[in-house]
Amino acid sequence: MGEYLQIDELCRVAGEAKLVLYHENGEVKQANLIATAPVRGFEKLVIGKNPLFAVEAVMRICGLCHSSHGNAAAEAIENALGILPPRNGLLIREALGLVNRIQSHILQLVMIAGDFIIEEKRMEVIFKLMALHGKISDYLLKLGGAATHPPYLTVGGLLKVPKWSVFNNLKARLPELKSLWAEIMPYLLDEGYLTEIAMELKEKKFTPEYLASHMFYGDEYNVSPDAVKTVPYWDYKGENEDIAKEATTQVAFYKGKAVEVGPRARMVVYRSFRDNSLFGIHLARVEEITIALERLEEILDQINMNEPFRTQNIIFGPGRGVGVYEAPRGTLFHYVELGEEGRIQNFKIVVPTMFNIPIMEEAAVGLSIQAAEAVMRLYDPCIPCTTHVVELR
Amino acid sequence: MISLASDNLLGTVFGVYLARAKDEEIRKIKVASGGAVTALLTYALEKGIVDGVVTAKRIKGLEGQAIVAHDKKELLEAAGNKWSIVPFAARMKAKIEEENLQRVALVCLPCQAQFFGQMRDFPLLETDFGERIKYIISLFCMGTFAFEAFLNYLRMKYGIKAEQIKDIALKKDFLEIIYDDTTLALPIEEVYSYLQAGCLVCTDYTGTWSDISAGFVESEPGWTVLIARNPRAEELIKNAEKEGYLELKEGSHVIGEVLKKAREKLARAQQNMMYLL
Amino acid sequence: MEKLKVLHVDIGGCEGCNVSILRAFPNVQDFVELNMKYLAKKTCAEDKYDMVIITGGVCMNEPHIIEKVKSLREKASTLVAFGSCATFGGILRFCRGGQEPRPDHRNFQPINSVVKVDYSIPGCPPTPQMVQSFFKFFIAGDERRLRLFKVCADIKKLSGFDLIDDIVLTGLCIGCGACELSCPTQAIKMIDKRPNLIAEKCIRCGTCYVRCPRASQLLCMGGKI
C-alpha cells in the first residue's frame, strides 16, 4: 500500500501521539493517528468518591478544556440528582465554558500557526495570540477562581460568587478584548499571510456527517446520548495494523457512524456556515471566538446579583445521569451513576477527539504529507482527554 | 553599609539605620519606638508611592483585625505592638480586592512576611496578588500569644479584663501590661507558655523575606532600627529623610544587638524543636 | 549573554502546566531559548540542555516512559519537575488503573521516584509568572530564594494532609491563613484561626505545604538545624 512514514512525535498537538502514514509519491493513502499518552484512568479513580471531588478531579483530565469537563460532570451529577441550578449558576457556568473555549481555540491557533502562517509573520501572530490568551484567562480567574481548573465550578452552580464590581470590571474590559481580537483576525485569514499548506486545504472539500448539541452550552435533548458507542483503537483498525496496538485511546461512533464534532459541526448545525473545505474548520474556529465574545457580553449583562448562584440544600443520593456539553473540540458526554450516599458508582466519559479520530484519518487521504500532518492539528486533537476514557457497556 | 552573608540569621542586610519620626504627633503617640514605621508609611501614602497600607489594628484586648489605612490618621489608629496574629492572609486579599489597591505596603510579622515574600517571588497560583505588594515591612518578633488563653490567664490570676488592656510592651525581661492606669510587669518566663507553639520553633526574628525589617533595641530608646534589605527599600528610607518625614542616623553599631536577639530566638527554637518535633 | 537552553517535555499530564510555560514564553524569550512541543517541529533533538523541565507524572507500567525520563536526565544539566503531578504526584496519586484500553496503567509516580531532580515546583498548575520568576532567580544564581524548591526535589509526597499532620495537629500552626489562600480547590477553610481540611477535596498538590511559613521554614532547615 505504498510507502510507510512514521512521525514518532507529532508536535504542536496537545499530548503525545504518533502519526503513521502510507503514501504513494507523497500523496497520502492512509493515515493512522496513534495516541501514546499513558492512561491515567480518571473514570476509575473517582469511583467511591464524593461527587464534589469528582468535579475537581475530572477537570484535571485536561489542562486545555478543564471547564468543559467540569461543566459536563456537574451537569451529569445534577441530572442524576434531579436538580437544576438557578439561572445565575447556569449563566456563569456557560460563561466559564465560553472563556475556556476561547482559551483553547487560541492555543490551537498558536499551534497551527506553524502550518498556516508564513514564517515571516509567524512569531508576531503567536505573540499577539498569547497576549489575548493572557487577557481572556483573567476572565476565568475572576469568574471561576483560577485560570486553569476553576475551583468555583461545582455541583449545583457556583461555589463562590464574585463581587458585583468584578462583573462590572469584566464587562468594561470586553470592548478592548474584542478590538484586540479584531486586530488579530486578518493575520489568520488573509491570503497574503497564509502558506501553501493552507491553500491546499482550501481546495480540499470534505463533508462528513456532523454532530453538535448546542451552539454554546450543550443540550442532552438535542442528541441521543445512548447512541454513542466506543471501541478500542486496535479493534477499529483491525488486527493487521501492528502499530495500532500501541494506541492508548478509543474511538467513538454516533448511531454507528463516524461523525465530525467541533467548531465546524456547531457552526453548520446552529449557524448558516457553508464552507465545506478542510480550511473551513479553521474559519469556523476563528468565527466561533468572535461569537463567543459576543455571547460572553450578553451573559455578563444578564447576571442578577439579587438572585442565588447555587442550588440550596442539595441532597445526595443514588441516581443516573448524563451531561452533554459542547467543549472547544466538540460534543463531550459524561455519564454518571451515583450509589449510596450519592457517591460515584460508575463514571464514563466520551470526549470529542474520540469522535474525530476516524474523521481526521479519513480527511488526510489524498493530501500531501505536510498537509496531512496539518490536518491532525486542524482538528485539534486532545490526547490527554482521549486516553482517559472507558469502554461503554 | 555592611553586607552579611545571605545565609546569615538576619538575611540579606543592605543597610541598617536608626530612625524616628520628625512629626511630633506621631512621636507623642509612639514614645518608646520613635514611630519611624508610621512616619515612613505616612510618607509613602502622602507621596502616592503606595495607595494603601494593610496592617493590623487592635480592636479589643489583644485581638486584631486587618485594616487598610489611607492616611496618617488611620495609620496612627492602628499603631501599637501586635501581640496576636490575625488570620490576615484571606482578609487581606479581600481588602485589597475590594478597594482595588494596586500598590500596597504591608506591615506584618516575620512569618507573614515570609508568606507574602514567597508569594511575590514565586506566584504559584493565579489567585496570588504578589504583584500588588510594593513593600513588605516586617516587625521584629519574639512570638505571638495564643491570646484567648493568655487573656484567660490574666483574668484568672490578676483579674484583668480584656477591655481594660491599653497596651502591652516588652521591657528587658518583663512584659508590661498597661491596663486602666496601672502597669503590671510580668517576668517573660511566666508568659512563655502562652506563646503559640508554632512561634516557639520559629527561627526568624527580623523577617528575612521582607523589604524592610523594623524593631527596637534596648540601647537606643526612642529610636527604631530599620534594616533595608534591597536598594528599593534603601531608596524609600533615604527619600523619607530627604522629604523631612524621618530623622535618620547610621545604625550598624546596633546590628550586634539585633543579632543577639535573633540568636536567642534561634536557641529557643532549637530547644523547642527537640521537644516538639 | 548566552541564552539558557531549555527543553520542556510532558510525559503524561493534563497539559495545564504546558500552557503555563507557553504563556510565560513571550516574557522569557530574551534570556531563554525554549524548545517545547507547542512551538517546535521536533523536540529533544540535541544531546545537552542547560535545563530540562518535565511536566506530568511517570507511568510506572510503561517502560518507554521511564526510559524517556532517564534519557532526559542524561541530557539535562539541571532537571526541573514542574507542576504537582511531576513533583509530588498530585491528582495522579489517585490513579488505580483498570481502565480500558490500558487497564495495566495503574501506578503513577513523581519524577523523583525515577531520577534525581534538581528543583521541584509544585502547583496545579504553577502560573506563568512562576516560570518567569524561576528563570530570573535561576539565572541570577539566587540559591537562597530557590532553596525551598531545591528541598522539595527530594520529597516524593506532600499534601494538605501532611500540612494538617505536621503543622496543625502538632500545634505549630500560628493561624496566618496562608494555606487557605494557597489551595487550588478551596479545600482549606480557616475555622477559629486554624485550617480545616475538607479531606475529599484535597488533590495532593502540596501547594499549601510549601506556602505555609512554618512548614516551609522547617523544610528549608531540613526539619532540624
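Per-chain residue numbering starts at 1, and chain names A, B and C are given in the order in which the chains are listed.
The criterion applied here is as follows: contacts are C-beta pairs under 8 Å (C-beta built on N, C-alpha and C of every residue); 3 or more make two chains touch, one makes a residue touch a chain.
These numbers were taken from a predicted model, which means no experiment stands behind them.
Chain C has the C-alpha centroid lying closest to the overall centroid of all protein C-alpha atoms shown. The chain pair A-B and the chain pair A-C differ in C-beta contact count, and the higher one is A-C. Between chain B and chain C the centroid-to-centroid distance comes to 33 Å (mean Cα coordinates, whole Å).
Centre-to-centre, using mean CA coordinates, chain A is 50 Å away from chain B.
For this pair, chain A with chain C, the centres built from the Cα atoms lie 26 Å apart.
Taken residue by residue, chain A touches two or more other chains at 137, 145-148, whereas all remaining positions touch fewer. For chain C, the set of residues touching two or more other chains reads 127, 184. In chain B, 125-127 are the positions where the chain touches two or more neighbouring chains simultaneously. Of all residues in chain B, those touching chain C in their complex are 6-7, 12, 85, 87-91, 93, 110-112, 114-115, 118-119, 121-128, 130-131, 144, 196-199, 201-204, 266, 269-270, 273, 276-277. Residue ranges of chain C in contact with chain A, taken from their complex: 10-20, 22-23, 25-26, 37-44, 59, 61-62, 65, 90-92, 94-102, 105-106, 108, 124-125, 127-128, 183-186, 200-201, 203. Against chain B, the residues of chain C that register as touching in their complex are 121-123, 126-127, 129-130, 133-134, 137, 143-145, 148-149, 167, 170-178, 180-182, 184, 190, 193, 207, 210-214, 216-218, 221, 223-225. Touching chain B in their complex are the following residues of chain A: 137, 141, 145-148, 163, 165.
Of all residues in chain A, those touching chain C in their complex are 9, 11-12, 14-16, 37-45, 49-50, 52-53, 56-57, 60-64, 66, 107, 110-111, 114, 126-127, 130-131, 133-134, 137, 145-149, 151-152, 159-160, 232-234, 247-250, 382, 384, 387-391.
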